[in-house]
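Encoded as structure tokens, here's the structure I'll be asking about.
First chain written, first letter: the chains are A, B, C, D, E, F and G, and each begins at residue 1.
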Amino acid sequence: MDNTYYDLLTYVVYGSAILVMLIGLYAVLVKKSLLKIVIGLSIVDSGLNLLIVSLGYLKNGTAPIFSKGFFELAADKPMVDPLLQALVLTAIVIGFGVTAVALSLVIRLWRHHHTLYIDEIKNLKW
Amino acid sequence: MTYYEIIGGILITIGSIFLFLGGLGIYRMPDIFNRLQAGTKATTLGAMSLILGVGIMEGTWEWILKSFVIIVYIAFSNPISSHALARATYLRGHRPYIKSEDKEKMDAYREVVENDPKRKEVEV
Amino acid sequence: METLTFNQKLGRFIVNWIFLMLVWIMFTTTFASHEILIGLITTGLISLFSIRLFTCCNISILSPVKIFWMIWYLGVFTVALIKANLDVARRVISPELPINPGIVKFKTKLKTNYAKMVLANSITLTPGTLSIDIVDDTFYIHWIDVKTTNPEEAFKEIAEDFEKVLLKIF
Amino acid sequence: MKKVLVILLLAVVGFYLADVFIGIGFGNDHFVKSDEIKPVKDIYLQQTVENLKVSNAVTSIVVNFRGFDTLGEVTVLFLSVTALGSILYRKRHHAGDRSVLFSASSIVTAGSKLLFPPILLLGAYVFIHGHLSPGGGFQGGVIIATGFLLMLLAYENYTVSHNALSIVESFAGITFAVIGLMGFMNGGTFLQNFLPVGTLNDLFSGGIIPIIYIAVGFKVAAELTGVIYTVLNEKGDQKNG
Amino acid sequence: MIAAAIYAVVQKDLLYAVIATGIISLILSIVFYILQAPDVALTEAAIGVALTTIVFIITIRNTVRMEDESDKNKNIKSAAK
Amino acid sequence: MEYIIYLAFALMTLGIIFAAIRFIKGPTAGDRVVALDTLTTISVSALVLLAAIFQRFIYVDVALVYGVLGFIGVIVIARYLEGAL
Amino acid sequence: MVGTPVLFIAIPLLAAFLIPLLGMIWKESVRIVPGLVLMYLMVLAVSLMGHVAHNGPIIEIIAGWAPPIGINLVFNAFTGFLVTLIIFMGLLVWLYSYRFKSNVEYEPARKYFILLMMLVTGSTGVVLTGDIFNLFVFIEITSISAYALTAFYTGRDSAEASFKYVMMGSLASTMLLIAIMLIYSQLGTLNMADVASKIHLMDPTLKAISFILFVVALGVEAEIFPLNGWAPDAYAEAPGPVGAAFAGIVVKAMLYALIRFTYTIFDLSGAFNLLIIIGLLTLVIAEVAAIRQDKLKRMLAYSSIGQMGLVMVAFGIGTREGVFAALFIMLNHAIIKPLLFFSGSYLVYHSKKKYISDIDGMGKLAPFTSLLFALGAFAIVGLPPFAGFWSKLSFLVAAADNDMVLIIALILAVSIVEIVYYMRVVNRIFFFKRTTGLLARRPTFNAYIVMSVLGIIVLMIGFFPDTVTGYIQAAADSLFDKTQYIHSVLTASIQ
């Protein structure tokens, strides 16, 4: 594949990852519903993960797995960056943990106030 | 081009056509039950034949076994999920779209839902 | 769940083990001795753990006659599946949407839950039908093109072929 | 008004971020060209095949080179389970049973019974083969937990013993930590491999990696089942659709 | 994926937003797969499809489904659909 | 052979587009879940096909996991809609 | 040597996994085991400090791979000082809360102690680790425990504070991750020493951007203005000992990370000025806000933020004396602020709203607690015979050496504000008439011990500052010696 194609892909991949992050951020900043904010947080996480994985991609690369038949079929291909993938694994797990904690807090807030509307929960304004 | 590849190619084509029809089906049908009909059947067969086609195209028994196990899973799980969905939708209070005049007779399930005190429609 | 005698448990365990071992071989797609060994241990543990859950059938399901009928059933099912898809394709493509949907009911002679489940799944995947609920032994079916609302006729139309074979298996 | 401001702000931030990342480039080697820079990933890839005999380089990084991170990751999950329990805690008489109106239809129950053992098997397969194929302890654990989720959904009175869960979880965690400490044998370091590494692409390869992955799998499965069970038992004050 | 993300943010009905996050993670895992990261794709699939969905849905079950609570009538009406 | 694969991808993309339209149009939660279900099934097929294109046999595992778990996601939402969660 | 630094992480984790099992056998063990673990770690820390003083830094290699490949832990005079401080504070907090709310049931008690222990462990990990991504993981461990501990009491508005904290914290961790990725994408390594030795190769724009992202992300956790929105609420709503733990443990660890990035890893010239500006802003705004508070704990929280600003300014001076002063302030703050929190939470124990006016005339009802509170207040504003005086003095000397007259003037002005609001509280305690009918709460035996220990330390540092300055001087030296850090990490091998 030629280079112009990859230049285009650069814009597409990074652009969409960052756009997804920004959309999530928008939800966090603007939305009034607590659940919407948590959804926004999880969307930010998704965008970030995509950003990191695409950073590790290599042209014509292949997965860093030396499985059976690998050395005959695809040994000349470059390996994509395994370290970034490992980091993303950790990041996904941590993101899930944080999301679960945030949602449990949302349930707690509902018990107290019977609303998820951010303006009616006074301490959340600042 | 070997025979494996020819058979696989044919199966892949058939499969993708049915997948497309599944998508089109859920787009065109008038209500959720009919959409489920189209979606489930077409995509199940489509996915099955496409995956089997890929397995045959590669032509090693490892591929065929693996694609077979995916097929088995899909064949079991897809109808179950669509059944659960259909039941949920009905219990939620959606009535199917019925073309003919005789609405009572065409909807045999309604009596069960309405007579059973435990299965009252879910309050909103 | 019901109490089981030791023999029943053993039968289920063996059936379960064999079934899971088949699945394991399909997962690993290899016959290396290590894999088989680990597979035997893992599947054995899981089937011990799920003796009460996997209650489909006892050891008699392994008899050759039943296996023959199972394969026969697969054949019947495949034919019906292909017919169903051609049917759906026809309906989806044709511009005026030739449908006449409704819900019908019929009774089945099948006893166990597994048999009912297999029948319901088959019905869902065959021409123009979608199972909505089972209450005891009555099936409620959403039919895309209702030909009859009489339970017996509906039964003949939709499920008779399958049930004949299923009765021989379970 | 606030929305417009936020969108403007985000646009600026996004522009700079995109500028930076497009400058770094996609699909190329992005490291600075210099004699001093030897990206660690090359060392990882090389060592994975030569010394560890593990097929999956991601696994070897997660469990061996950066095993400490994985220990932390498992701890984060453990903590979030604990946090969930502590945040949602209520006194005993407030806590309700699971609020199930009616059970699922017999198709779903029978189907879950049939599919449950294979799902467990799939999870076990994923974490036993973590060093050979994609996946690993974490993913396998998630799959097993999802299997339990299926059972909990299908049977309203299906229960998982809390004690059993925490015993499994504790034992798995202890296994991980103790294996780490056993690395001190023979003058090694924490989490160092002390088993023979075997041959590439064999099930028994990679030294301690499969063992750690099995422990992680059990731990994650128990923890996530605990999460699901905790939230399922959570009963809202108000019922709505 | 961008469309799904925008949809998840804009949609007033939180249940639909949750389903949309499910679709985001579906597409995300396919993209990971194309970017040659099967491990990450597997993780994303495993977590995003079932676990995140159930946690979110239980929160919705316990709280409220509509984002805009001031309009209680609308809340009831559209949930009845 | 390549043309067949291109054709398959084109058809699958069309299917995905139609399902996405259905997802956005709704009108009920059930319809959206149907769209999700269809998308999942199509994605599983696409993953298998991609594995064949990349010539990596082990990639199929991802599709396997996806096929198994996607169905549970749908059942979760279905049980919620039933009001039985 | 009684052990290696990795035990600081491994032993608490092992204990955390064991506690549920032990709890099934003997319920009391869930309270005892964390204390035993912390005591052991204290012994370990002290003995390792002794080792370091004679033999130089200890570099712990994990998984048998030498630093650029694997993860390493660094235990030198600086990190050792902080680790000892953190574990000591953890021990005190544990002792204080050992019997707190004796009616707390088994389940919450178990969770509380596990979370507390993991808070200490995470902070220790942040200080010890020599790897950027590992730092991120430990920060997450610390913050998740902190979220849960903030929301521990169900009765109060704690969930809101905690939710706010979660939002800020997870956005911060996103930024941290982006910054880590920028560094990795340029240099191909994650090891701190390795990064530090190669940082001059990095594209200057990217370097600046990643530094700013680091500062913002860590600033959220370390309560730096304007990113400290979560802090007052979290302090006010968390249980008393947890507020003390935040002030004494979490903030210290995060500030450490920030300092490590500024001093060791990045070589940006403007960084110190940035620190000074941020620090001054934080200081002024927090103190001004503190004087306007009508709730005791919020006031203490703003005061704590102000102290952090002071520490930032001191680090920003960028000389050895400045670092010395900063570490001295950190030490004092870590000891005095928990004292204030402990005694303050007893003073307002029975009050629902925790207003400052609720403690009028408390001096007669609870003389011991009031006396300790007054001691803490005098110490923290820097009155001569107490601990705070020496740290402020060393700070002023350091600033004067660099001719920062404006800063000195500003700090003195802010100190007057500080004196005003603390004296107001002390005045209320001792000289106002009791207006509310609220009774005083007698501290538990453990609380007496803890508060007395803290008070004695305050007095001791006040009268004999030489007992600690030696350690602080060594710590400051080791932070300053960048080349030695890099060298010792990169040449480490398995002993």
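Just a few scattered comments:
Note that a contact is a pair of C-beta atoms (placed from the backbone, for glycine too) under 8 Å apart; a residue touches a chain by one contact, two chains touch by 3 or more.
For clarity, every value in this text was computed on a predicted model and none was experimentally measured.
Across the two interfaces under comparison, E-F and B-D, the one joined by more C-beta contacts turns out to be E-F. With centres computed as the average of Cα coordinates, no chain lies farther from chain F than G. Ranking all chains by how far their C-alpha centres lie from the centre of chain E, first place goes to G. Centroid to centroid, with C-alpha atoms defining each point, chain A and chain C lie 39 Å apart.
Centroid to centroid, with C-alpha atoms defining each point, chain C and chain G lie 62 Å apart. Separating the CA-averaged centres of chain B and chain F is a span of 12 Å.
Taking each chain's centre as the mean of its C-alpha atoms, chain C lies 32 Å from chain E.
Within chain E, residues 36, 38-39, 41-43, 46-47, 50-51, 54-55, 58-64, 79-81 each touch two or more of the remaining chains. For chain B, residues touching at least two other chains, in rising order: 21, 24, 36, 40, 44, 46, 62, 66, 69, 73, 76-77, 80, 82-84, 87, 92, 94, 122-124. Among the residues of chain A, those touching two or more other chains are numbered 19, 21, 25-26, 51, 54-55, 57, 61-63, 65, 67-68, 83, 85, 89-90, 93-94, 96-98, 100-101, 103, 105-108, 110. Interface of chain B with chain D (complex): residues 73, 76-77, 80, 83-84, 87, 92, 118-119, 122-124.
Those residues of chain B that touch chain F in the complex are listed here as 1, 5, 9, 12-13, 15-17, 19-24, 26-27, 32, 35-36, 39-40, 43-44, 46-47, 50-51, 54, 57-58, 62-63, 66-67, 69-70, 73-74, 77-78, 80-82, 84-85, 87-89, 91-92, 94, 122-123. Chain D meets chain A in the complex at residues 2-3, 6-7, 10-11, 13-14, 17-18, 21-22, 24-30, 40-41, 44-45, 48-49, 55-58, 61-62, 66, 69-70, 72-73, 76-77, 79-80, 83-84, 87-88, 132-134, 138, 200-201, 227, 231, 234, 236-238. Those residues of chain D that touch chain G in the complex are listed here as 16-17, 20, 23-24, 30-32, 34, 36-41, 43-44, 47, 64-69, 71-73, 75-76, 78-80, 82-83, 85-87, 89-91, 163, 166-167, 169-171, 173-174, 177-178, 180-181, 183, 187-193. Only residues 56, 58-59, 126, 134-136, 138-139, 142-143, 145-146, 149, 224, 227-228, 231-232, 234-238, 240-241 of chain D touch chain E when the two sit together in their complex.
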